[in-house]
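Shared between the two complexes below is chain A, which has chain B as its partner in the first and chain C in the second.
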Partner chain A sequence: MSFWDILAVLAAGAGITLLLSVACMAAALAVGLAVALLSRSRWAPVQRLLVGFTFVFRGIPVLVLLFLVFFGLPGLGLRVPPFLSLVLTLGLVSGAYLAEIFRGAMNAVNREEVLAAEAAGMTRAQGFTYILLPQMFRFSIPGMINEFTAILKYTPFAYTVGIPEIMKRAMSLTPVILRGLEVYLAVGIVYYLIYKACVVIFSALEKRFRIPGLSAQER
Partner chain B sequence: MNVLIHDLIAYAPQILAGLENTLLLAAIVSLTGFCGGIVVFSLTLSRSRLCRSITEGYISFFIGTPLLVHLFLMYYGLPELGLRISPLAAAAVGFTLNISAYNARHLMTAYRGLDRMELEAARAAGFTEPETFRLIVLPQALRLAVPALTNQATQNLKDTSVAFLIQYKEFFSQVQEVAATNFEFFRAYLFTGLVYLALVALIVVAARRLERRIALPGFSA
Partner chain C sequence: MPLIECENLVKQFDGKPVLRGIDLVLNEGQVKVIMGPSGCGKSTLLRCLNLLDPPTSGRILFRGEDITRPGVDVRRLRQSIGFVFQHFALYRHLTVQENVTLGLRKIRKMGSRMAREKAVCELERVGMYEHRDKYPAQLSGGQKQRAAIVRALAMDPAVLFLDEPTSSLDPEMSREVVSVINKLFLDNVTMFCVTHDAFLAKYISDSVVFLDGGAVLAEDVAERLFYDHPDPRIRQFFLGVIDMR
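For the complex of A and B:
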């Protein structure tokens, strides 16, 4: 089996890795946005809850949370399918990190612009949707790229719950051809290519939506 | 809950040994990764273009690929080159390569926040290149990178749980072995998570102290 054959076998799992990554990114985005928006509430119990949420999901190792969801929850009579387990785990963990990024970005938006929008007759919701959110997303881009690529790098954990992505294929290949070095080097190359593609795509998006002269300012 | 507490007491030596292994690995790789990060960072400032591109390539590859791949490469790959190594050694090498790349990246980010004029002033005042690095660049870059570096340390502690996938007998694997005797997986994982949270909280508190301790008035990125 040549190195190219190994790459071909692994590449067949790349589709699942990508699908997993995209699903986890979507979940993380939803969780991150929800937490960031809730954190604007001045109600103390909500604040405390969010501080706890962030601490727990930033502090627990991804692998432990994944095992808790996939192998632990069935003990309570709750069976979570493998794919969903990983999406839930990474959605919560990366969501907690993204929420911090969004919060920082929201603070970097000029408050007076939002006030001006309201003075000009926009409702609070409009000011939020058309003035605050678009700028917040732009300021969050570097952090989001980091977090999304982190998700990609966590997806090999999926093999532990039996999802046939790149790593799982590599692991079933190694005992057959007995060349771990080449197999895992090939795995590294496949991940690196996906990583580079992600960075290029995100940077292109950032360029597409960039507004000259707009950058995050200190509060 | 009683069952778990009973088992935790009964298997305390095994679990504590696991905790010890976790802390050992986290301490080793945080230290080697810190030193490695400084070395790699210094190489990115090299005069030689070849040296710079190799270093950039190294950083880019290790940041662009999963930690698990680095560990598997060491654990399953090195024996093929005739190097038989223990899970601890494989984990230590894999983690060090991984963490050094991230720490170098943190230091490079901090370096961009430095005042260029100072470096020129140092050269004008007759400092040699190594002296400028050791006396002017590194102290400031390290200071600016403290939050990122301590974040990395927490990340390292959490990441040691991955080492159980290469048969290193760390905390997570030992709790799982206990759980396998009574099928109390949920509680076992919950317990594991709580212990990690407590350890992370300790590092965060220590990091805050360190930040306050080394803060210079008026000096920030």
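For the complex of A and C:
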């Protein structure tokens, strides 16, 4: 088996890795946005709850949390499928980080613009949707790219719950061909290529949608 | 019937009075300028009149309807009042034209094409058509303020509120904005304008209200108030601000 054959075997798992990354990022975006929005509440119990949420999910190692969901919850009669376990785990962990990114980005939006929308007769929801949200997302782009690449690099944990992604394939291949160095070198190369492709795509998108005076660097 | 009438308007922040019983009348087609020292409550007065800051007590009548009573449709009221902010408050993620069309589409529920046509017409009115595809960061201060005025005017408001429209501009840009507002004055657009700029006040106002310590001290035509008022406090203030351009 040549090095190229090893790469081909691993690349077959790349689709699952990408799918996992995208699903986890979508979950993280939903969690991060919800937490960032709730953090605008002035109600003390909500504030305390969110501080606790951020503390817990940024503090517990991803693998521990994944095992708690996948192996722990069935003890309470709740069986979570492997794919969903990882999406839930990384969604919550990255969501806690994204919430901080969104919160900072929201604070960077000029309050007077939202006030101007309300002064013109828009509802609060309209001001949020048409003024605050689009600017907040633009300011968050660098942070979101970082978080996506972090998620990508956490996906090898998926092998521990039996998802046939790149790492799982490498773990299965190594005892058969007994060439660990080449296999794990190939794993590194595949991850690097995925990472590089994502960075190129994100940078192109960021450039395409850049607005003068509104990039994160200019805020 | 006056367009706006306020009676004994009081506004307090944390128990500290900022407006102490303001009585004012603004008729259709009239332009009233509010002047006074910093912190005298000029901007607060504007914000109270369109309920961005709800008054503590007193009454505001808009076309005879008491808008301070509970249950009033605040959004409908604000749609009748164009508000131009001191620091422009243009939506930075939208082009000049999109800044104008957003309100038309989302508040007035106009179709995209009609909104675009209306925006083009208003942009041409203040010489901003050629800048329609630029973002706020690509405009000069004067152009930003003109765009903000167009955005407010496009909604066909009954009255335009201008909160220190020239104070963040250098003299050249300030003249550019004064000339636009003066054009509106000549077109009989009803306006309430808060300013420190005596030049602006002189060229756009039917009358000037002098506010001090949250109360109206005097109201008169600009010339009389600026140069010939018997009250020494008012004479002293205008000696300091009048630029004899």
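Definition applied: the second predicted complex is superposed on the first by the 214 of 219 C-alpha atoms of A that agree within 3 Å, B and C clash if a C-alpha of one lies under 4 Å from a C-alpha of the other, contacts with A are read in each partner's own complex, and residues count from 1 in each chain.
The rule is simple: a residue touches a chain if its C-beta (ideal position, glycine included) is under 8 Å from a C-beta of that chain, and two chains touch if they have at least 3 such contacts.
Bear in mind the structure is a predicted one, so any value in this text is a computation, not a measurement.
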{"item": "Superposed partners chain B and chain C on chain A - clash or fit", "value": "fit"}
{"item": "Which superposed partner A:Ala125 touches (first chain B, second chain C, both, neither)", "value": "neither"}
{"item": "Which of chain B and chain C A:Pro61 touches, first, second, both or neither", "value": "first"}
{"item": "Which of chain B and chain C A:Ala44 touches, first, second, both or neither", "value": "neither"}
{"item": "Arrangement angle, chain B at one end, chain C at the other, chain A at the vertex (C-alpha, nearest 10°)", "value": "110"}
{"item": "Most chain A residues touched (candidates chain B, chain C)", "value": "B"}
{"item": "Which of chain B and chain C A:Lys153 touches, first, second, both or neither", "value": "first"}
{"item": "Contacts of A:Val176 with chain B and chain C, given as first, second, both or neither", "value": "neither"}
{"item": "Minimum distance between Cα atoms of chain B and chain C in the superposition (Å)", "value": "24"}
{"item": "Intersection of chain A interface sets (partners chain B, chain C)", "value": "none"}
{"item": "Residue ranges of chain A in contact with chain B within the complex", "value": "55-56, 58-65, 67-68, 71-76, 149, 152-157, 160, 167, 170, 174, 179-181, 183-185, 187-188, 191-192, 195-196"}
{"item": "Chain C-facing residues of chain A, complex", "value": "110, 112-113, 115-123, 126, 130-131, 134-135, 138, 211-214, 218"}
{"item": "Chain A partner contacts - residues on chain C that touch it in the complex", "value": "50, 52, 75-76, 78-79, 81-83, 85, 87, 89-93, 102-103, 106-107, 135-138, 151-152, 155"}
{"item": "Chain A-facing residues of chain B, complex", "value": "61, 64-70, 72-73, 76-81, 154, 158-159, 161-162, 164-165, 172, 176, 183-190, 192-193, 196-197, 200-201"}
